[in-house]
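Following are the structures in question.
First chain A sits with chain B, and in the next complex the same chain sits with chain C.
Let's look at the complex of A and B:
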């Protein structure tokens, strides 16, 4: 979609119900809703766990106490049965009932004919098996039916015993506790929903500046940046990263615009010059020699244009990493020596000298041709700006494992700090170099080659503080 | 524990079951909340050595009075305290 174009509303508005469903689905898919849901689930889970622990420690404890008391009571009566038979058990039951101050004890002893011998129940509880069985049953007390915990035992000789406790009071406590937990659950659910809503709103509000900025940029306003708060939290870090990204995009786009402008400017001049010369030669009554000279000049101008395009393509290839497939292990020393020898003749012509300081061997993995061209560009630049009688020094060393420095120093005027900062840009030419031939692409290619090999290009004064500072250009190769 | 929490509705069903189960076997009745049991406890207390001393004596009198006034459960509770006090006194 073209930049800045807004999608028009549909010609036939969809139904309100469909729109509402879509809105609901979009809301449920949102990160804010999912965070809020997660919060609610965790909150309710924690509340449920708390309620279970509370129930186990209170109602569960009451039940366990009752069971323990009934079991102890039953074991005591079984012991009496073994010692004295039915009579002893009857007397023990009567005795225990007489001292049951709480009034919760329940006993019943039946003989082999199901006749009641002792206890405070008028009959065997319906549905209660005589063998060792625990159950919750119902008994009648003062006209009301109450809950009781009952334990039935067969003593022997078909004598049956029921030991139990009236748990109506404990049941009331349990009901109160259950009601409390139910109300607490309602409150917890309400708090969970409220907290979830607040959380969702907070996430939405914190993301809103970034979303608005992204929308504005999508609409074409590239100057917008994400406002950063003073909280220094994750959202601020995200906003900062977005702003860094936008700054970089801005710089790249400015670079692209600058390159386009430079291409238009730098190519228009030789094309216009060639055209003017050819037109001039064609229009005038010139001899064959003059016509030939004009054509040669035109061809030279076109060759220059071809070289500029070739350099641009090579830089683009290096920056895109397309040449990385051609990387191979190589010894850098003979490559540098060949380049130095090639430019040695040029230096002699200009009255300059080239000094070489290379180790025995420098192993590197890279593109031989690109490295040779990068070093050649540096030497070419150095010779171009070094006056007659000056010298250029080429050295290389490996100061650290997996790092190689290739240094080209000259005794020329050097570069100002401002020019050094821009020296790697395409078509950039310092004011002092306007009069020398060149396209402003040499150092761009060097920097691109250094980046391709996992390194960078560094420019500094060769002799800081000296009247003639010179320039030291270092290609630092890293792990490619 | 979950079973404990489920017990509430189960108990409600258990309690309500006799209402719907017409003709079912009658529920067992607790017999110790009655004037007869008050008298039985009084007879059990009487021969105890500490029955005439305080606080067993007062508790027994209160218990019998409550039983005569139609509050056998409270009366039984007082008489049981009286028996316990008499045993401790002894």
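Let's look at the complex of A and C:
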């Protein structure tokens, strides 16, 4: 075989068939198909019931009318028989035939020798037993074959009587009706199938956006969201839930990204600095004292890194909701009073004052330590940026049944709108704060703690419009 | 003091052992939980310093649970890289007495070890604490120095009480934060220093002999001699 010539792979004729079969199976397994099938079954069942009722009310009613007429006729003739014997019956039959305008009545009276005494039948219907029975049969009347409903009785003394009605007209009506119902059944089946197909398609169409979004997300595009229609139906609710879930995942992912960014930046930088300093001290001709100072500095740098790391972990813990295990019912008031007192000493040394405005009691379910730390961070921030002589005000209240606001206000320079929007991002530090110590993680933690407690952190001007606008930070807790 | 250190990381173990020995303690070391449990159960120690995660099938928590089940009440200090609150609570619930997260400063470890090992015996609850001419009445909640009454706030009272209960021992800032305020977070600023300095103002100012001393790189200590 010359090189370059590749034998084509053997064809698998069964492959396609199997594929089609599997496709069929998948189609039948789809929820849309099942809904559609259910719809079709219910639709056809309802149509059948409808036809049944119709049949009973029309064709059935006609039959019953005929039977009633025959029975009345027969009873009347039996009465005559008892009163007057064969002669009276023959008379009565003749009368009735004479008054039968429609020409549908059938009578035949035979004597013991099977001789015809009266009636319009040529002979006894073949196969009809001479006792009280109802039958349908073909009879010979005045030379013509007709379809009739018959009732035969033996009157006594071997006289027998047959009473009947020509049902040809009614049969015709019946046939018409049956045909109509048959056509209606075909139409109903067609509608059922059409409806099923439409339903299946509708379900598929409504699910398609969600399915496409889920696929895109599975493929890694987390920015996709399920489009929500205006209908506010089940599918929209499902889509909404999916979007909420995606929002949460996105936030967590952003958090993870944020952590790696911040690890890259705010941990690497001090590590690099510490390393450089240590290396420098080692490389130069230095005396023991300098070396010692360098090592102490190195340890201080490492401690700083540890603290940043600890803060990051704590934020991550709060954001992941892992700290909910430490949730307990507690009264927020002493917690806040303690924190205010704790930082009060710092305020005093800085020439600032802390004012506290708390109600008698505020019940929450939460993590005492995290709440204290969050409020502590806010107070710490406020004290850092409030000049000497300024004041920080801590208040809390429950403006609504399931809400508690913890407010920390200061008389510092406040934050510009753009800084406010970015505050709370990890490691964000407004330009004004570059000179002060801090990791830039304080507000991130506050926000994470607020989220953990079903709330959020809000920042605004404490006194808008004033030359020194101050900052008002509100931790809003959702009381679960 | 006789101290049992159970720590699998050789470097940390060497460092802790050396430091404790330099501070005048007698340290036994086990590298895994099984050996640690054997030693702790068979020999008397003043304190156990345990890593939370240990090889050998017996981790720190299991070790303490086993010891406590045997009625061994030796104080236990956990060392752990697990800082989550749940982990801390788990360690303390199992019967640990204190919990120190890695990395730690040796001074912090030493201070905690000494405070734990010399825990005041609880059979005679003190109603008065005294050092030099400073006296604290725990029932009347009053403080006097050289017979002169000192006005003190409730939190300062607790701070002073804690220092006095561990007179002659180093108490670190974190220990004060945990024991006096029951906070387990980093307050970012030197709040503890500010509180101690306020207390110092009231206790030591105007007296020729200061009682509250700062221990460099470690914390504070209240003692009579300068």
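To be clear about the criterion, the second predicted complex is superposed on the first by the 296 of 480 C-alpha atoms of A that agree within 3 Å, B and C clash if a C-alpha of one lies under 4 Å from a C-alpha of the other, contacts with A are read in each partner's own complex, and residues count from 1 in each chain.
Convention: a residue touches a chain if its C-beta (ideal position, glycine included) is under 8 Å from a C-beta of that chain, and two chains touch if they have at least 3 such contacts.
No experiment lies behind these values; they were computed from the predicted model shown.
Within the superposed three-chain model, A:343 lies in touch with chain C and out of touch with chain B [touch as defined at top]. Legend: residue contacts after superposition of the two complexes on their common chain; A:217 is shown touching neither chain B nor chain C. Looking at the shared chain after the overlay, A:295 reaches neither chain B nor chain C.
When both complexes are overlaid on chain A, the residue A:136 reaches chain B alone and has no touch with chain C.
By the touch criterion stated above, A:121 is placed in contact with chain B alone, chain C being left untouched.
Once the two complexes are overlaid on the shared chain, A:326 sits against chain C while remaining clear of chain B. When both complexes are aligned on chain A by C-alpha atoms, no chain A residue touches chain B in the first and chain C in the second. Residues 299, 302-303, 306-307, 310-311, 313-314, 317, 322-323, 325-326, 338, 341-343, 345-346, 348-349, 367, 369-370, 372-373, 376-377, 380, 383, 437-439, 442 of chain A are the ones that touch chain C when the two sit in their complex. The residues of chain C lying in touch with chain A in their complex are 83-86, 89, 101, 103, 105, 155, 181, 183-189, 191, 194-195, 198. Interface residues of chain A facing chain B in the complex, by the touch rule stated above, are 52, 55-56, 59-60, 63, 94, 97-101, 103, 106, 108, 120-127, 136-142, 145, 147, 166, 171, 174-175, 178. The part of chain B that touches chain A in the complex is made up of residues 1, 4-5, 7-8, 10-11, 14-15, 17-18, 24-33, 37, 41, 44, 73, 76-77, 80-81, 83-84, 87.
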